[in-house]
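In what comes next, chain A is part of two complexes: it sits with chain B in the first one and with chain C in the second one.
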Partner chain A sequence: MIKVNNLTFSYTKKSFIRDLSFSVFEGEIFGFLGPSGAGKSTLQKILLGMLPGYQGSAIVNGTECREHKSDFYESIGVDFEFSTMYDKLSAKENLLFFSSLYGRKSRSVDELLRMVGLENDTDKRVSDYSKGMKSRLNFIKALVHDPKLLFLDEPTSGLDPTNSRLMKDIILEEKKRGKTILLTTHNMQDAAELCDRVAFIVGGQIFALDSPHNLIMSKGAAKVSYTWNDNGEQTASCPLDRLSEDKLLNKLIAENRLLSIHSSEPTLNDIFIEITGRTLV
Partner chain B sequence: MRFCNLILWDMKFQARYGFYLLYGFLTLLYAALLFSFPEAWKEKAAAILIFSDPAAMGLFFMGAVVLLEKSQRVTSFFAVSPLSVIEYIWSKTLALNIIALVVAAVLAVSVNSRSISLVLLGTFLSGILFTLLGIIIAAKIKSLNQFILATVPIEIITFVPAVLHLFGATPEFMRIYPANVCMDMICGREFSVVGLFFTAALLVIFFYAAYRSVSKMWQCEGGEKL
Partner chain C sequence: MRAICRSFLHMLKFIRHDMMLFAALTAPVLAGMAIKFIVPFIEKSLIQFTGMNAVISPYYGLFDIFFASISPAMFCYISAMVMLEEHDDHIDRYLFITGLGKNGYIISRIVIPALFAFVTTAVLLPIFRLTDLSAAQIIFLSLTGTLQGIIIALLIAALSSNKLEGMAVTKLSSLIIFGAAAPYFISSPFCFCFSFLPSFWMGKSIYDNSLIYMVPSLFVGGIQIIILQRKIMKSLI
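Now for the complex of A and B:
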């Protein structure tokens, strides 16, 4: 679906994106993770055909991005982080207008609105929508022409936990329908939950690319932390695979003195910091 | 099909933003004003009204429309849609000039103009030129204040010569000046064919400039904060 080879791009004389190579397979959810200024937006702009002055190759849906024509966007849906709607039009009118820009058969606007819980606000002007409602509307706008490839930028940003869950379920449902999804997010929990593979991008380079599970497992074993009372609460931990060697833990178990015990794995965020030396700000 | 839909939607936006209501009111006001003028003044007064409002409305309203779209970041979405810059420019230009033609027709009829078709042709031609200028300016600027400032020199170099020309206060060679060619047409009188050629050439240049400006605006807006 997407094949990038030796991609280099610069805004100035200094390279901003350096020699990137990766592929995104059809039907997968691929996450770009990186701090601000890491090159995620530039990479997306290149893949969306907006920055043709790159070196190397970036092929999306079989088209070299710098050579795309306007029908290139017929099979691409983009959900920006910000609202891109006409405020004076209703939600339904906005969706009907934007769907009229495409030659493909549109999905049912009413069905899409129902899918994100906006069925009772279809005729309300977008200017009267809350930030979360606008975010959901913006998301379904990217789906209205039933594209094969979706670019989602922080799709759960500004949503309450219920709607965030709803949005993630829809993303997974769209994946089941065969869509390829490129997700840009700072939310490691979302990335770990949704993405088949993630790429850590810092300074225009990919530092790691694998499934969240593999990344987590390759960089740190799960640990067991436990507490007990000995003139106040004491805490200790040991690797899960060396539990039997921890004499203190075995003694505390034998004497039934444990106050708490739990295992913990490193998060994707921990792995990101360990690999890149950067935090996701 | 997309292009026709686009024009219809642009007209719907104009209706929603009150353009039709405003111009319905203005047309009645202008017609009443013309009716009150002495017979000898009517034709020239109508020409000035048509040239300065319905024909030139594109300059001001297109600025407002594009600035509004930029502020609502709709242009960001256009950049990643199948909509082409050419379709965008023409749909906006044609949709806005439909109102201009209706208003101009009413005013021309109200003063028994010598040639309604010539008035409409002049209105349409100047309307396209002014609308393209409005798009070129609005694509480059960020606020309404900047837009108003940028339109002042355009008003001076178009309205002043055209009004002077209407009253015969310009030298003969100025008949080929595009604003004067449009004014001659709107007045329903003979116009310079060489001037029409220059006007057509200017239209091509303005269209190319508008194309470049909108392409740059889409690229910049669409990629600014993905």
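Now for the complex of A and C:
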């Protein structure tokens, strides 16, 4: 679906994106994780054909991005982080206009609005929408022409937990419908939950690329922490794969003296910091 | 083409929601009526007051040129304002990655309004003119006026980063229509200092009653449009 080879791009004389190579397969959710200024948005612009002055190759849906024609966008849907709606028009008017710009058969606007819980606000001006409502509306705008490839930039940003859950469920549903999704986010929890594979990008370079599970497992074994009472609460831990060698733990189990026991894996965020030496801020 | 038409129709709908821009659409007719009815009345009053044979009637050609410039300038100004609002709201960036594309966007926001401006000018100029312009002169003035309108729209879009700046740039860029006055008030060869303006050649053409000046007018206007269009295409990301 997407194939990038030795991609290099610069706004100035200094390279901003350096020698990137990766592929995104059909039907997968691929996450780009990195701090602000890492090159995620620039990469997205290149893949959307907005920055043709790159070196190397960036092929999307079989088309080299710098040579795309207008039908290139028929199969691409984009949800930018910020609202790209006409504030003076209603939600429905906005969606109908944007869907009219494509040659493909559109999805039902009413159905999409219902899907994100905006069915009672279809005729309300977008300027009267809250930030979360705008975010949901922006998201379904990317779906109106039923594209094969979705670019989602921070799709859960600014949403309350209920709507964030709703959005993530819709993303997974779109994946089931066969869509390929490129997700750009700071949110490690979303990435771990949604993405089949993630790439850590910092300073225009990919530091790691694998499934969230593999990245977590490759960089840190899970630990087991436990507590017991011995003149006050005591705590100890040991690696999960060496539990049987922990004599104290075995003794506490035998004597039924454990107060609590739980395993703790490193998070994707911990792995990101370990690999890139950077935080996601 | 379908996306371009939809985008243009959508712009008309957008203008309907903005009273200031909607009011600007009526400017050509209001200006035409003012020129047609008020200017001759003022001339008559001035002749009576001064006892001269003519006071402003020798400059009636200049009024016709200004009228030919007003319709395209207003139409293209409206388009430029819509573009700036779309830029402020990041909508232009989104439209580029739809079936419309960057070229389709420019066509729907600049080229089609300019075509409408040309037709409107060609229709209204014979109604509101103060001099006996020939059909060729009417077509020439409508065409060069339209080129000037496109230049104004491109200048606004190229030099402003938001609607507020756009208002300021509109005032400055509209000054380019005053090049038409140079042949009337500045003697040769000094008047050629303004030869980089299409309006100068419009003035020269009417003042000298010669259509040959259509060539430099279209050439100068065309060059400026190409330069500005390239600048805009680069900045629109």
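Just so we're on the same page, the second predicted complex is superposed on the first by the 281 of 281 C-alpha atoms of A that agree within 3 Å, B and C clash if a C-alpha of one lies under 4 Å from a C-alpha of the other, contacts with A are read in each partner's own complex, and residues count from 1 in each chain.
In this text, a residue touches a chain if its C-beta (ideal position, glycine included) is under 8 Å from a C-beta of that chain, and two chains touch if they have at least 3 such contacts.
Given the structure is predicted, the values throughout are model-derived calculations rather than measurements.
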Subject >> Three-chain arrangement built on chain A, chain B and chain C clash or fit >> reply: clash
Original post:
Which of the two partners, first being chain B and second being chain C, lies in contact with A:S83: first, second, both, or neither?
Top reply: both
Original post:
In the superposed arrangement, does A:K45 touch chain B (first), chain C (second), both or neither?
Top reply: both
**OP:** For A:L101, decide between first (touching chain B), second (touching chain C), both and neither.
**Re:** both
Original post:
Where does A:F25 make contact in the superposed view: on chain B (first), on chain C (second), on both, or on neither?
Top reply: neither
Original post:
In the superposed arrangement, which partner chain does A:Y11 touch: chain B (first), chain C (second), both, or neither?
Top reply: neither
**OP:** Once the structures are superposed on A, label A:E74 by its partner contacts, choosing first (chain B), second (chain C), both or neither.
**Re:** both
Subject >> Those residues of chain A which chain B touches in one complex and chain C touches in the other >> reply: 45, 48, 50-51, 70-71, 73-74, 76, 78, 80, 82-89, 93, 97-98, 100-103
**OP:** In the complex, go through chain C and note every residue touching chain A.
**Re:** 2-3, 6-7, 10, 13-14, 17-18, 89-91, 93-101, 103-104, 237
Original post:
Contact residues on chain A for chain C in the complex?
Top reply: 45, 48-51, 70-71, 73-74, 76, 78, 80, 82-89, 93, 97-98, 100-103, 145
Original post:
Which part of chain B faces chain A closely enough to touch in the complex?
Top reply: 2, 5-6, 9, 12-13, 16-17, 69, 72-74, 76-84, 219, 222-223, 225-226
**OP:** Write out the stretch or stretches of chain A touching chain B in their complex.
**Re:** 41, 44-45, 48, 50-51, 70-74, 76, 78, 80-89, 93, 97-98, 100-103, 141, 151, 153, 184
